[in-house]
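Before anything else, here is the set of structures, which you'll find just below.
Each of the next two complexes has chain A plus one other chain: chain B in the first, chain C in the second.
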Partner chain A sequence: MNIFLQEFKMNFKSVVTWSLSIAVFIMFYMGVYPTFAADAELINEMMANFPPELLMAFGMDQTDLSTVLGFFSFIFVLCQVMLAIQAANYGFSILSVEERDLTADFLLAKPVRRSRILTSKLLAALTGLTITNAVVWISSFTAVNLFRGERTFETQPFILLLLSIAVFQLVFLALGMFISLLVKKVRNVTPYSMGLAFGMYVLSAFGDMLGDAKLELITPFKHFEPHFIVNNGNYDLPLAYLSVSFIVVAIVGSYVLYSKRNIASAV
Partner chain B sequence: MSVIEVNNLTKYYGKARGIVDVSFNVEEGEIYGYIGPNGAGKSTTIRLFLSLIYPSDGEAKIFGKDCIQHGPEIRQDIGYLPSEVFYYDRMKVIDLLKYSASFYDKDCTARMHELAEIMELDLKRRIDDLSYGNKKKVGIVQGLLHQPKLIILDEPTAGLDPLMQQKFFNLIRDENEKGATVFFSSHILGEVQKMCRRVAIIREGSVVKIEDIKTLQKDNYKKIRIAGDGLDEEQFKLEGVTNLHRDNSAVNFFYKGDINKVTHLIGRREISDVTIEEPTLEEIFMHYYE
Partner chain C sequence: MNIFLREVKSNFKSLLIWGVIVVLFISVGFSKFSAYADNPEMLAILDNLPPALLEAFNFDAFNLTTVTGFFGVMFSYFALLLSISAAMWGSDVISKEERDKTVEFALTLPVPRSRLVTAKTLAALVNCIGLNLITYGAILYSVGQYTPDADFYNFLSIGMLALFFMQLIFLAIGIFLGAAMKQYKRASSVAVSLLLGTYFLSILSDLNQDFEFIKYISPFKYFNPALILRDSGLDMNYVWLSLAIIVICIAGAHFTYSRRDLYI
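Our next item is the complex of A and B:
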């Protein structure tokens, strides 16, 4: 419990910053929706003039931006990018920061098992991500209801979108942690987390464009593609399971690697 | 009873040498010196004790239990002061110490305040505002607040002023008198000489000598200097003579063995001066490193 609290306290500021940023982002972009929807005809005409590859890259080829959910799912993709960066950040730093700041010497010299350290840290990061998740739920509901005007939307796909966040965050958290244990030393977390989050996003976006189905399979952005969920009212289940299996492998792998890891020293 | 038992402990980092085939025992209640230059493998040994790293071969036992299998249990009674201290920066000293205390089964509050007072540590300061020396003090209090049975010190005095060093050594001696075993790693011979009864000398990853400080100093070597005209160092090439060299008109060497052989040798010559003294630990040490 002591490690959990300590970790949570150290993470708290970052959780608040991320949560607020994403909330503001959702409120701001949903705020554009009323004007957007009013000129829907015009917008759709304009969109038709864009090269189809570009529309595909942003997942807009199958999205009707004039509907509440269509518009929201477009925003949601960018939300996913931010959530991915945040979760990957926590994943990459969760163990590596201790080694970089040499606090691992402090913590691991205490009478605790490494597995307990990892579990406590993982739960603390998860709690932080869950707070962000909750804030996204609240701001999405508020924003959609505030700005939809007279337009209605189906609740089920909307809920499904929001429900996907938890798994989505966990994939990036677990992958980040796993990769941080595969490398010798993570000097700076940002390039890693940006690389993982954007890399996966680009893979999904350009996979659409290039029509190469195989590479897309590894990216969680594809596993929980908003326009698929909105258009089908369901998850693309085989792909969603792929994300879940990533989580299991990465977490089990992390426990194994961490229990065997030689902690780097000051020199 | 041996508090620390090291048997053929070996650690390679990939191909780089950490330590090779190190064996020694530390008995209960002693202050044991572990001395060697930077990079000799002192910290590697200590990090193996704490299972921060895992051995390539051999084993280390503390309190009779294997360091890896019983790690958490053993560490309940170990106090460790790392050579480089860095703690979670945004914390206050008191929070760090409380966090540290929360890992142990007993209540450490009283001892924590006592130690902070001895070391003149301001508990309300933030750790990132502290000087290196003050951080070191946090390290000392953090390492001792649970009254460990085994205290492991890795070059503990760097950054402390002489007055604080004195206080720190007194603190360690007190703990030792109360029954704590101390494993003291350092490259500063003076402090080891002051504190320790026995010492292991480590060089390039291997322990080259384990000895009583007193034996090391007294029984083994004499440092002899003979001055006189027309002396030739070739005349002193006895068995047991090492480090033979000549400066100006004097011949210098270390001698280990029957002292009469040397005095006879000297007696047969016309000399102007002779000194026979115990070498300092520094000199012995340099000797091992040549």
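Our next item is the complex of A and C:
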């Protein structure tokens, strides 16, 4: 319990910063929606006359951005990028920070098993991520209802989108932690978390632009792709299970690796 | 000179990793492009469309059936990758001494602090140039089989120059943050949030005309591939703006670092 509290306290400021910036982001972008939707409807009418191949050549054959959910799913992708970076940050730093700051030998000298330490730390990070998750829920509901005006939207895909956040965060948290245990030493967390989160994002955005291929299937951004959820009102289940299996493998792997890890000490 | 060489050596591994990422990215991109290149169905439809319409959409710059359009579309992804790497290198190169507790040693060397900053800046610059050349080379290698015309090579080299300016901007911002931030641990996260912030702003300005002013704030808006292709050159206003940002940041880094209270 002590480890959990200490860990949570250390993370708290960062959780607040992330939550606030994502909330501001959602409010701000949804605020653009009313004026954008009016323009987009005009463009849609115009584009309806174009041959589909032309739209495909421009990568414009995607979701209709003039609808509430279409627009929301567009900003939700960017939201996912931030959530992924946050979760990956926590994942990479959760264990490596002790070794880098040479506090690991102090911590491991406590009469607690390593697996207990890992569990406490993991739960603390999860609590932080869940707070952010809750803030995203609240601000999404507020923003959408504030700015949708006369337009209506289906609640089910919207809820599904928001529900996907928890698994999405957990994937990046677990993968980050697992990778940090695979390498010898994590000097600076940011390059790792940026590499993981942004790399996955670019891979998936890139796939959207140029049609289907196999490689994109590994990115969690594809597993919970907002366009798919909005268009089909359901998850892409095989891919969603892939995310879940990533989580299981990474967490089990982390417990195994951490209990055997050789820890660098100060002296 | 010693500091410079040492820095270049210690940064080399990171350059290699980024190089591999960029090359992978380009090869994946071109394997997808092969499905679009000279796709007869698409070309037939394009031929039937009125030229004025194509003009209105900046069609040449984003037409996925040609290598030119392909590079135009890929430009923003390259911009992201290259500027992330530059921001990382910039913010890390100075602050890592404090993180690794080697700063006392580095500063007891008989060199003024500003020399240290200069040497480190140059070493990070070598990495940026290296990555830019790797990108350039990989694209040149991949387009070979499509036998592009001279216009494409012109567009590509000006585009790479634009990317280089963006790298320099984020490198300079990173270096300034690394030198000026009191909490050295924050430097890289602040640099990254600046980068993300300006990237998201550039998306916002595409959505709404009211946010036109963003084109001066976000470096991702400084160089537009459609305009590069049309004018076959860079917009000089933005070149001067970029240079101003770079000079101010580097000067600021020298100024703040020479009076910095070190965290030991």
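As a convention for this text, the second predicted complex is superposed on the first by the 241 of 267 C-alpha atoms of A that agree within 3 Å, B and C clash if a C-alpha of one lies under 4 Å from a C-alpha of the other, contacts with A are read in each partner's own complex, and residues count from 1 in each chain.
Convention: contacts are C-beta pairs under 8 Å (C-beta built on N, C-alpha and C of every residue); 3 or more make two chains touch, one makes a residue touch a chain.
Since we're looking at a predicted model, the values are computed, not measured.
In the superposition on chain A, A:N2 makes contact with chain B only, not with chain C. When the two complexes are overlaid on their common chain A, residue A:K110 makes contact with chain B while staying clear of chain C.
Among chain B and chain C, the chain that touches a larger number of residues in chain A is C.
With both structures placed on the common chain, the touch criterion links A:E45 to neither chain B nor chain C.
When both complexes are overlaid on chain A, the residue A:L78 reaches chain C alone and has no touch with chain B.
When the shared chain is aligned, no partner comes close enough to touch A:E154: not chain B, not chain C. Contacts of A:M194 after superposition: chain C is touched, whereas chain B is not reached.
Shared-chain residue A:F36: touches chain C; no touch with chain B. Overlap of the chain B and chain C interfaces on chain A comprises no residues.
On the chain C side of its complex with chain A, the touching residues are 14, 21, 25, 28-29, 31-33, 35-36, 41-42, 45-46, 49, 57, 62-65, 73, 77, 80-81, 84, 88, 92, 96, 99-100, 188-189, 192-193, 196, 200, 203-204, 207-208, 210-211.
The touching residues of chain A, counted against chain C in their complex, run 21, 25, 28-29, 32, 35-36, 51, 53-54, 56-59, 78, 81-82, 85, 187-188, 190-191, 194-195, 198-199, 202, 205-206, 209-211, 213, 215. On the side of chain B, the complex with chain A involves touching residues 13, 43, 47, 50-54, 71-76, 78, 80, 82-84, 86-90, 99-100, 102-104, 142. Those residues of chain A that touch chain B in the complex are listed here as 2, 6, 10, 101-106, 108-113, 260, 262-263, 265-267.
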